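Below are two complexes that have subunit A in common, paired first with subunit B and then with subunit C.
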Partner chain A sequence: MITFATVSDLMPIIPELILTFVAILVLIVDLVGTQTKYRITAAVLSIFGLCIAIVAEIQLFGENYTGFFNTVVADEYSILFEIIYMITGIITIMISWHYIAENKMNFREYYALILFAIIGMMFMTSSTDLLLIFIGLEIMSISSYILVGMMRQSVKSNEAALKYLMLGAFSTGFLLYGISLLYGATASTKLPEIVSHLQEHGVFNNPLTGFGLALLVIGVGFKVAIVPFHMWTPDVYSGAPTPVTAFMSAAAKAAGFAMLIRIFLTGIPYAERWDNLMWLITVLTMTVGNVMALKQISIKRMLAYSSIAHAGYVMVAVVAGSEAAISGIIFYSLAYALMGVGAFGVLSIQSKGRTLETYDDFTGYASQGPKEQVMAFLMSIFMLSLLGLPLTAGFVGKFQIFYAALDAGWVWLTVIAAMNSVISLFYYLRVIVCMYMKDPLDSAVDGNEQPTFSSVFAISGLLGTAIAVLYLGVFPNRFVELAQLSVKTISF
Partner chain B sequence: MIPTQHVLILSAVLFTTGVLGVMLRRNVIVIFMSIELMLNAVNLSFVAFARALDSMTGIIFIFFIIVVAAAEAVVGLSIILSIYRNQKTLNVDEFNWLKW
Partner chain C sequence: MHQIWLIPAFPLIGCILNGLFGKFFGKRFVSFVGPLAVGFAFLHSLVLFFTMLNTKGHALHETLYTWMETGSLHLSMGFQVDQLSGLFLLIITGVGFLIHVYSIGYMHEEEGYYRYFSYLNLFVFFMLLLVLGDNFMVLFVGWEGVGLCSYLLIGYYFEKKSAADACKKAFIVNRIGDFGFLSAAMLIFITFGTLSFDRVNEAAPDLLVPGGILATLITLFLFLGATGKSAQIPLYVWLPDAMEGPTPVSALIHAATMVTSGLYMLARLSHLFVLAPATMNLIAIIGALTALMAATIAITQTDIKRVLAYSTVSQLGYMFLAMGVGAFGVGIFHVMTHAFFKALLFLCSGAVIHSLHHEQDMQKMGGLKNKLPVTYLTMLIGTIAIAGIPPFAGFFSKDEILWKTWSASHPILWLMGFLTAILTSFYMFRLIFLTFHGESRVDPHTAKHIHESPVSMLAPLAVLAVLSIFGGFFGVPHVLHFLPNGIELYFEGFYAEVPVGHGSVIAEIVLMVMSVAAALIPVWIAWKLYAGNLDQVNKWKAQFKIPYALSWNKYYIDEIYDAAIIQPMKKCSTIVLWKWIDVGIIDRIVHLSGDLARVSGGMLRGLQNGILQQYALIFAMGTVGILWYLFFLPY
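Then we have the complex of A and B:
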């Protein structure tokens, strides 16, 4: 007897329903009212909706609702990740309003697409069925393709969107082929059933399962940009509108890792050679990201490569694979979401009518006026946190991951990761040196500009982000405990 | 009845053709067609498995893949259209604004 969905099935997806409703409302609401350059209704409404959804998530915390034949679960693990996406969404919208108004793309679809992307991420995280994970992934990806290409008159934005779409769809092909082979071998797309089948029969005894898992790694690897599959990241991140880059580097990457943990770290038995392969990929990801970041002249592109390096640090925890490591990944995702959005957010705010992108643009930045002083200070906090200096969120995240890796016996991997952190010292500090210790170049325009309301709105968002980064660095205990608690809920 | 292995081999061949097409071709539209070929190869393997296992999950999966492929085609073609308006070319080698 087939039972159809009932009202109780809707309980775990209440936040998703709220966001869907708000996103549709955002599409409608801007039709009424004046069409000015700085119209803000859609932005405020989206932030409001995200706040309500966060409250709903907090209400669901600890209740462990499941629905739709156990394919959607609202366990602590997914709730924590979903809150990370929504916080990132709120900050992104705060920094976006200024940027998209200045760049003539203040369409209401922009906000709706950000909300849809978040909904996709939420389904990716909270589902235990590969079918629903795939659909969530595609909702997220297709929304991001459009967001990346939103600056229609810009050649770079066009090209970034095209590259992202081509490689994204390409990787989806691999992901699907992997799912299809796994389905063929285990007769199910539900993760718990797949895992129990693999535990019974082993991974490498059947060529279908080994090959299927390898294809899944390729598909997921493209999404989180680990090294052999990272080629799109620098191009897409530097071509996309800056707030969109911030959003993708923080939320989309966290969603990718949430999916990766859900699929690969919840009980699939691996053989020795698998570990060695992942070890190599991790080392390559960290090293390539950091070394390529060294030689960039554009800060936006440098941050893109550094996000590859940060994916490498998270991969250290994936290789370790223990409970402590997974809770480290959750903390690191939140920390990186905050500092990544912050760093890209600073780049998205124009100074005296100029867009800031290269080191030259930032030369002597701190001495150019009161607004620039605040921005330079915020940028320094984000850079130090990305670097992993104590008292910042980045330090606590790195510490947890490295500690978990040492604990699981990966000494050399931890040593290489620490050495990579030292390499990153050079390019992060270079930004601070440029801003504070050099005189402005002649090309820097003098004169005062009145800070507009939109830029104050964006800067206050960044200020909140910086405070959160410092708060998580000084008082991390509460969130660390939450993360450790939530890991207990995902092991099948 | 065609044996499952034969269908799977065909789907693997189609998938590989799609991958090679993405890597070797230079025209954006042809690359896009190759990606669609990859997705359809996956559909074929799902059909084969669903029949061999006598389960409906694979069939359901195919419906969603078709829907997603259609959505991706819509977005993809509009991005291709907007890049053609700006650049007047569809050769990927000439899209080189973003490098290093």
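Then we have the complex of A and C:
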């Protein structure tokens, strides 16, 4: 029987529709004129659209709408993740405006592309059909390929975009192949149907299903950059425009994990045979990320490696797989979105006409002027949160994940994760030591600069982020409860 | 509700005000807000302390809010004021307030005055959280927080390389301690399913086998944490170097408060510790060893702050000795008296350093008695107190520790403590005589400018001097009983009971006379050696070369650690990480991928380097590995 989509099908995708509309509007504004005021309009419009979409999401919360033959669901789980992407998007846009102006990359499709990427992430999260998930993933990926190469005149940016595109295409092949194998074995692309088929027939009885699932996990593993599929991360992250790096490290990874959890919730990868494998991958991801981050001289690259380590911490929760662990992942994604974007955001703000990237650039940063002082303070908060100091969001996130892993009986994994977290102290604190406990190098420029409106805009965004990081650290319980609630109601 | 939260809130507000606005509102504003914030906290602590005393036996509890609830784990921002935390509150806020006031004068000319006060307030905030928390979580927040503030303040004079190094050392050593603490917390959570102190203390006798492996393991890890924070063997090495920070910081953090947090934790979990006699013995032995060793180092040091630093390590050893023999209350009593006289001594040494324009070498002091009369008098009081000469504070607490050690039948540990007492009296009076007596060795240029410190610095000295004189009367030993033993009554029923042997009254009196003699005789020796000219000392130095060199060089412990741990680790990382992994494995992969890329032709040749192929290769190898593992590994 053929049925057609009705208006009620649109309910679960209202936020997506709003964002699509706004993104197209931004493109139209782009056509109108090239003066400064239109540039501001594009940024403000995008933020405005994201805010409306967040309000729409909040309205949908608890309603559990489904649509399009149950291929799109608006359960609490996906709504929470989608709000995380949009918050990341808002902060990214706030820091981007300044960066774009300073680096002469005045292409206003930039904002539209960020919105499109978010739309892709939302579909990755909220759909239960592998094809639709794949389409969401590609919308996100293609938008980010372009975003990475947005600094057209920069060789590094171009190189990063090309690398990302090549390897992304490579991984997409794996993903799609996995989906097609699964389809061949189960005659469906819908997760619930695949699950019931596999429960009936087992995973490893038919090599096609096992192969398909493995390839699927590998494809997603590339997006969230787990070892050994992480090789692209440092190059792409350090080559991309800094706000784009911030956006990718936080939102794109969160989306990848949201998708990974949905696949894993089918329960299949928890076959015993997977356990040791996932364990090994998790340990490798944490350790490689942290050890490599230790020896970096560029803070941007250090943060890139540290984002691999953070993906490793999230993987600890994926391995644990309990409800507490998944709610931990949701919280951690939010926490990392805030502190990661915050840290990259500080890097994206120029000081006296210089782009700051290495530890040397940050030497004596705190004593170079009032703006630098504020920035150094914000950076310290983000670093302390990233290293997991109590009373910050990062600590709560790590605590939840480690606790869940311990509770699920993964004692050694937790111990290794805790030791990794100790290693990370050295490179995060080094940033603070550089900023506060050293005199500026001779090359540092003296003199004052007039703060531009765009830099004030960016700094206020970062200030809000820092406050959110502290708030989540001191009063985490409401969000923890929300995350736990959403896990309980997760549906296919 | 008692509004316990207000106590830490005051210093936090002070920290924020000073940090945000201090720079714009100037020094007067900062020197007003900083001490006042701690002063308010002190007043509120006093109120709560007496409220707590009136409800004898009932701790004041207050849950601010639920911090987090996950599964069976319920963590709250819970505070409690009981006998233990009440006493610590008064020490932290009271001594803290005095040191804040002192800092106004001492730090007046420093750059970043507001930053200093902001850090100091923040430190007090975290320290208060540490002692107020009613579960491990809040304790841990404070534990990490005070550590952070301590690094920030050690590295305050960051332009000095030694300060930066000291900061790094403190950081690394403390991480080892934190590892112990976290492991213990994890084990406790697995065993007890809770992180609340009360519930752990209550359930400990039921859930743990006395002397069993688990009890021993948990307490050993906790003790490792304590040795890190409280500077005991083998992790004491950071504390002497921490003296690179400003002197008031040394007084507050590295003498009176933070370094006692390890002891606080031990006392807090006394019911757990008594279940592990092996750990208790170890604590006592480590404590006595640390006390003796640090004292033997202190007798040759010439940097006035270093002498005091080693003296702190030594006194902390006494406290651990007391805990180890099960005399928790006595240990905490010594924490209190030590906070008074050691803070006083540090502040006095700060006053000396201040008036000599940052000269810390005692060989370049001497004869300051007349020029700095108030400092001299107060420092003399502090010295008499620490040397254990009755009726000053140190006598009562130290003598009680020695007596408890003896009566718990640990004669060897007692002997070590007794020797330490002799050495303590000697090196402290050596310090006094070198600094204030004899001929002036101050360089003539500085000598002209020597002046007594401002009132803001002298007033705290006077208050602390009074406390150092009378602070001991809270714990008068039983044999003397001209006053009831306040400390014992105060802590009645609070700690776990330890079967303590009771020595005879005669023995107690004999030992007491001996410790008074042990305090007095070295004064005379030090006077002979150091008050006049130093010929005799120099002769002896030449005669006893080896022991002198050992003590002067701190038994070469830093060098031994460097040779035994740091260098091998460096070598190991060079050989293993660089030679094997980097060169051996990664390079080979790179070469392999290069070959492969050449073989596979010009597919990606247009790119500027060969790395992309390598990435794809590793990706593919990972995939193959995973698939091989899943499907072809026999399972």
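One rule holds in what follows: the second predicted complex is superposed on the first by the 482 of 492 C-alpha atoms of A that agree within 3 Å, B and C clash if a C-alpha of one lies under 4 Å from a C-alpha of the other, contacts with A are read in each partner's own complex, and residues count from 1 in each chain.
Throughout what follows, a residue touches a chain if its C-beta (ideal position, glycine included) is under 8 Å from a C-beta of that chain, and two chains touch if they have at least 3 such contacts.
Only a predicted model underlies this, so the values are computations on that prediction, with no experimental measurement involved.
**Student:** Scan A:K438 for contacts with subunit B and subunit C and give back first, second, both or neither.
**Tutor:** Once the two structures are laid over each other on A, A:K438 reaches subunit C alone.
**Student:** Name the contact category of A:E200: first (subunit B only), second (subunit C only), both, or neither.
**Tutor:** It touches nothing on subunit B or subunit C.
**Student:** Determine, for the superposed model, which of the two partners subunit B and subunit C contacts more residues of subunit A.
**Tutor:** C
**Student:** So, A:L162: does it touch subunit B (first), subunit C (second), both, or neither?
**Tutor:** The answer is both, since A:L162 touches subunit B and subunit C.
**Student:** Under the stated touch criterion, which partner chain does A:P476 make contact with: subunit B (first), subunit C (second), both, or neither?
**Tutor:** Once the two structures are laid over each other on A, A:P476 reaches subunit C alone.
**Student:** Quick one: is A:F170 in contact with subunit B, with subunit C, with both, or with neither? Answer first, second, both or neither.
**Tutor:** both
**Student:** So in the superposed three-chain picture, is A:G239 touching just subunit B, just subunit C, both, or none of them (first/second/both/neither)?
**Tutor:** In the superposition, A:G239 touches subunit B alone.
**Student:** Would you sort A:R152 into first (subunit B), second (subunit C), both or neither based on which partner it touches?
**Tutor:** After superposing on A, A:R152 lies in contact with subunit B but is clear of subunit C.
**Student:** Taking the two structures together, which residues of subunit A meet both subunit B and subunit C?
**Tutor:** 159, 162-163, 166, 170, 235
**Student:** Any idea which subunit A residues touch subunit C in the complex?
**Tutor:** Listed in rising order, the residues are 159, 162-163, 166-167, 170-171, 174, 204, 207, 210-211, 214-215, 218, 222, 227-229, 231-232, 235, 273-274, 277, 324, 327-328, 384, 389-391, 396, 399-400, 403-404, 406-407, 411, 414, 418, 422, 425, 429, 433, 436-439, 475-477, 480-481, 484.
**Student:** Sort out for me which residues of subunit B touch subunit A in the complex.
**Tutor:** So the residues of subunit B touching subunit A come out as 8, 15, 18-19, 22, 28, 31-32, 35, 38-39, 41-42, 45-46, 48-49, 52-53, 55, 57-58, 60-61, 64-65, 68, 71-72, 75-76, 79-80, 82-83, 86-87, 95, 97-100.
**Student:** Spell out the part of subunit C that touches subunit A in their complex, as residue ranges.
**Tutor:** The touching residues are 65-73, 137, 140-141, 144-145, 148, 152, 155, 158-159, 164, 167, 171, 175, 178-179, 182, 186, 189-190, 604, 607-608, 611-612, 614-616, 618-619, 621-623, 625-627, 629-631, 635.
**Student:** Which residues of subunit A touch subunit B once you look at their complex with the stated criterion?
**Tutor:** The contact residues of subunit A facing subunit B are 131, 134-135, 138, 142, 145-146, 149, 152-153, 155-156, 158-163, 165-166, 169-170, 172-173, 176-177, 179-181, 183-184, 187-189, 234-235, 238-239, 295-296, 301.
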